[in-house]
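Naming follows writing order (A, B, C and D), and every chain is counted from residue 1.
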C-alpha cells in the first residue's frame, strides 16, 4: 500500500515550498511580542496541546509549562488529570487547556468549570478527536468520544468564563462555524496527521483567514520546527503558532531546554522579520513569500 | 528504455496528489450504504472483474464472490466457464458478469443469455481488451477478440435483460457513446495498465461525469487500495469503485479475509466521510479536495 | 557542477509527462502508412541521420539502410564518404542525406550535386552543428563548419533537385525562416543534446506547427524509443519521427534486427492509435493527451 | 529538522528548471563584450565580492584580482585590510570594493574615502550582512554591523566619487529604494544562502528589472557556475553576473587558472548566444527561455 499519505510529511513539504524575498533598507531589529486575549507575551511561538508527557519524562507536562513560562510564551496543554492541570497553572504559565470531545457533555462542562476555577488563560476543545479511523467514534485512553454540533459548541462557549478556542479546524467552513458560535480563537491543525492526506495547514490558512475576516485569532499547529516555519505561518495570516513534537526532546534535556528552544525559534523568526522589513508581527507582509513550482 | 510509463504507478501518484480538508462540526457517523440498479448494498466498495482466480487459490472466484456477499458488496467477475459463474451466483453475491469483446458476436450473445438465465445482477463488456499491444486484435487464453462499434453495443444492451455496463472507459467521448447506447453504467479504467502512460482514472473522471450528466452511474477501477482512494473517487463524481489486485492476497488467507478487507476499506471511507461532514455517499463534497502542486 | 542540464534526460522526462486517454468504441485496426514527398511508406518511424556507424559495426551505415528498406521506412543518413552514400542508396532505401554546415559552401554544393545524381530521396543540412561549445565554429572530424544565413539556405534549396530539409530546428523563429526559404521539411531536434538545457522537441513542437501552418512536414528527433513516444509526437503535430540511438544496438544483432525493431515500434504506435480511435495517422487527435502536473 | 531550506540548492534547482530553444539561421559568432560605468570589458562574467581568500591560498585575494584582470573581467572584492585592497588595485584589475554595513558610519566613510583615493572602479555595500540569524545585528570577524536606512544610503552614495553599488538586493522594493537613492548598480543576491529558503535570484530578477526600468545595471550573484547559468541570468534581464565559490578551487591551481575559467565560462555563454541568435549581450532574447513544469 502507498505510504505517500503521511500528512506530516506532506505538511513539511508544503512549508519547504515557500520561499522568501528580503527587504533590508529601513529595516531594523524587530519585536516579536504578541498580545493575546488582552495579555502581552514575548513571542508568538506557543507550546502545543500535548498529552501524556509523563511518557517522555516524569513531570513532563509541568516541565513544558515552566519552559513556556520562562520563555514568556503562551502554554497549551492537552489531556491530563485535574491535579496535573493545577500544577501546570501553578508554574505561572498562561495556559490554554484543551478538552477532548467527550461523549458525555457533563464531563466537558466539569472540565471547563475546573479550568475556569483554577484560572487558566483559556479553554478549548480538539474537535478532530471525535472520530476514529474505522468509521466510529474515537475512544481515548478508555474514554468515549462523540461528534458535536454547532449548537453544543455554543453551550461550551457560554459555560467558559475564559476565551474558548477550537483546535482541529482545517477548512473555511469549520472556521466560519467557530466564528459564528462565538469562539475566541481557532487552531488550524490536522492533529499531527490523525488522518492521511490531510491538506497542510498553511495551504488552507489563507482561505480560513478570509472566511473569518480577522474577527478571531487564528493559530497554526503541526510540524512547526523553526523560525522560518513560524514566519511563513504568520505571513499567511496566522496570529501565532503551536510547537509540539519539536519541543519534546527538550524535555529530556536540562530544565532550561524548552525555554531555550522557544527563544531560539523566536530569534530565528526575528531574524527573518528583520531581513524582510517587519518591525513587529503585524507588519509581516505576505508579499515577501514566493511559491515553488519548479 | 524508460520505465516511467507504468500506468499503475502514475495512477497511484495521482491518488496521492489529492489532499483533504476537514469539517467536523455538525458531522456525525455516516452511512456508506449504496443503492444500485434498484438494490441496496452496504458499501460502494465492489470487487473488481478479475479472471483466472484459480491461479491464486483453488476456487478463488467463488471465494471472492462469497467475500463480497458477506460484506454486502456488489461482486464483479471476469472470464470464466459457465459452471464457475453459476457457482458464483449461488453464493448469493449480486454479481456483474463482464464478458470479453469476443470476435464472434454469437459467443457474446450466448454469454449474455446464460448470465440472464442464471440471474446475475448485471452484465457487461470490458471493451479495452479488444486490441493487443502489437497493433492487432487481442487473443485471450486462445480466444480471438475484435473491435466493436456503437451499433454492436446497442445490440448487446438490447439482448441483456439485466443492466448492461461497459468497463474500460477512459474518455468523455467513450462515456458519451455508452450513455447514448443505453448502457446502465460505466467503469472508468485502464485495465490495470493494459497500455503505458494511461491517464489516471480520477484525472478524467470529472470530465466523464460532466459528459454523462449523471444519467448513468460511473464506477472507478484501477489501484484502489484504501478508504482514502475510495473517498477521492466518490468526491470526484464516482458512484462506486472496484477493488481488484488489492483483494487478491486475501484469497490466500482464511475465509473471512475478503469480506473483512472490504469492510475495513468501507470503514476507512466512513471515517473520512465523518471527518468531512458527509452523512451519506451523496453528500461527499468535492470542495473538500485540494490538489498538490508543490 | 550541476549535471541536471542533460538535454536527453530532460527530453525523456517530457515524453514521460504526457498521458493518454482511450476511445475504443467504433475504433478498429489502424493503418500507419505515410505519404512523404509523394511516395508511400509503411510507417512514420524513420531512421535518424546518424554518422560514423562503422564504429558500431562494420558496414553499419548500409546495414541501417537495409533495415529501413526492409521495414518500408524512410532512411536518413549523416556524414560519410560518397561511396558509402552510394552503397546506402543501392540498398533501395529511400534516403535523406544530411550534409553538415561546411565552412566552404562549395563543399556543400558538391555534396548536394552528388546526392542529386545518385538519386537520394531528399537532401538536407543539420544546421545545429555549425557552432561548438566554446563560442567558436565547430570542427567535425577535422572539417571546419560555419554559421549560415537564410540567404545561403535559399541557395541550397535551389541547388537541390530533391526536397531539401533542415535538421536542428528548435524554435518557431527558425521554423518560419525554413518555411520562407522553401525548405521541404524540418526536423525538430537538439542533436542528441549537443548543448545543455535544450527545451524538449515536443515542448516547442506545437508552436512550430502553428508557425509553419502545416505548409511543410515537421519531423521529430531525439530520444524517441517506443510507439508511445511516436504517438505523442504525432498527436502534437509531427508528421513523422526519427529514431537513432535506440536502433544502434540492433546493428550488432542479426540482419533483420533493425527492420524488426522499426516494425515493433510501428506496431506499438498502431496499438495506441487503435486504443484512441485513430484509423490513420492524420486522425491522431491531440485531445487524447493529458499533461502531468502532479 | 528539515534541510530542504538550503538556499543554494534551491537556487541551483531554479537555474536547472530553465530551458532554451535555439535560433541558428542568420546567427554568427557573438561578442560577449560589456560596457560598465563607461569602461569596456571582455565579458559579463565578473568575480564575486569574496572575503578571506587568504584562507584558500596565501595571497588569494590578489591572485583572484590578477585572474580577473587577465580575463578582461570586472573584479569584485569583499572585506580586507587597506593594504590588501591596494595590492588588488595594483594588479590593474578594475575592482569593485564592497564594504560591510559597519555599525559606525565613520568606518564606512573612511573605507569609501580610501577606496576613492586608491582608484577603485566602484565601491558598494553588502547590506544583507547587517543582521545575524538569531534576531540581532551581525558581528563579522569581531566587527559590529548595524541596519541602515535609505537616508544613510544617500550619504554613502554622496561620499563616493565612484559609482556606488548595493549588494544583497532580493526584492523589487529594495531595488526601488536603491534606484531612488542614486545607486549606480545592484547585485541580486542572497549572499550564498545567508538565510534559509531564499527565493532564487533569477526568480525575482524580472520583477526587479521591471521595478528599476533599466535605469541602473542589475547584476546576479549566487551559484553561477557555467555559461548556461550566465545566459539565463542575462536573458532574464541581468547586465552581468558574479562568480564566486565556483572560482575558489582555481586559486589552488596555477596562476592562469582563474582567468582560464572566466574565459571558459564566457565561451560557454558565447556558444549559447550563437545558438540563440544573439550577436551581442543586449540581443539575448528572453523569448528563447522555456520554464519546466513537468
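Going forward, contacts are C-beta pairs under 8 Å (C-beta built on N, C-alpha and C of every residue); 3 or more make two chains touch, one makes a residue touch a chain.
As the structure is a prediction and not an experimental result, all values here were calculated from the model.
Undergrad: Walk from subunit B over to subunit D along touching chains and report the minimum step count.
TA: The distance in steps between these two chains is 2.
Undergrad: Under the over-half criterion for shared residue numbers, do copies subunit C and subunit D use the same patch or different patches to meet?
TA: Comparing the two copies, subunit C and subunit D contact each other through largely different residue numbers, since under half are shared.
Undergrad: Which chain has its C-alpha centroid farthest away from the centroid of subunit C?
TA: Looking at centroid distances, A is the chain farthest away.
Undergrad: Any idea how many Å lie between the Cα centroids of subunit A and subunit C?
TA: 60
Undergrad: Return the distance between the CA-based centres of subunit A and subunit B, expressed in whole Å.
TA: Centre-to-centre distance between subunit A and subunit B: 42 Å.
Undergrad: Which positions in subunit D touch two or more other chains at once?
TA: Answer for subunit D, listing residues that touch two or more other chains: 13, 292-293.
Undergrad: Taking chains as nodes and touches as edges, what kind of graph is this: line, ring, star, complete or other?
TA: ring
Undergrad: Please name which positions on subunit B make contact with subunit A in the complex.
TA: 12-13, 15-16, 18-30, 32, 225-226, 228, 246, 264, 266-275, 277, 288, 290, 292-294
Undergrad: Can you check the complex and tell me which residues of subunit B touch subunit C?
TA: 1-2, 4-5, 10, 13-14, 17, 127-128, 130-137, 147-150, 153, 168, 170-171, 173-174, 177-178, 190, 195-200, 203-204, 291-293
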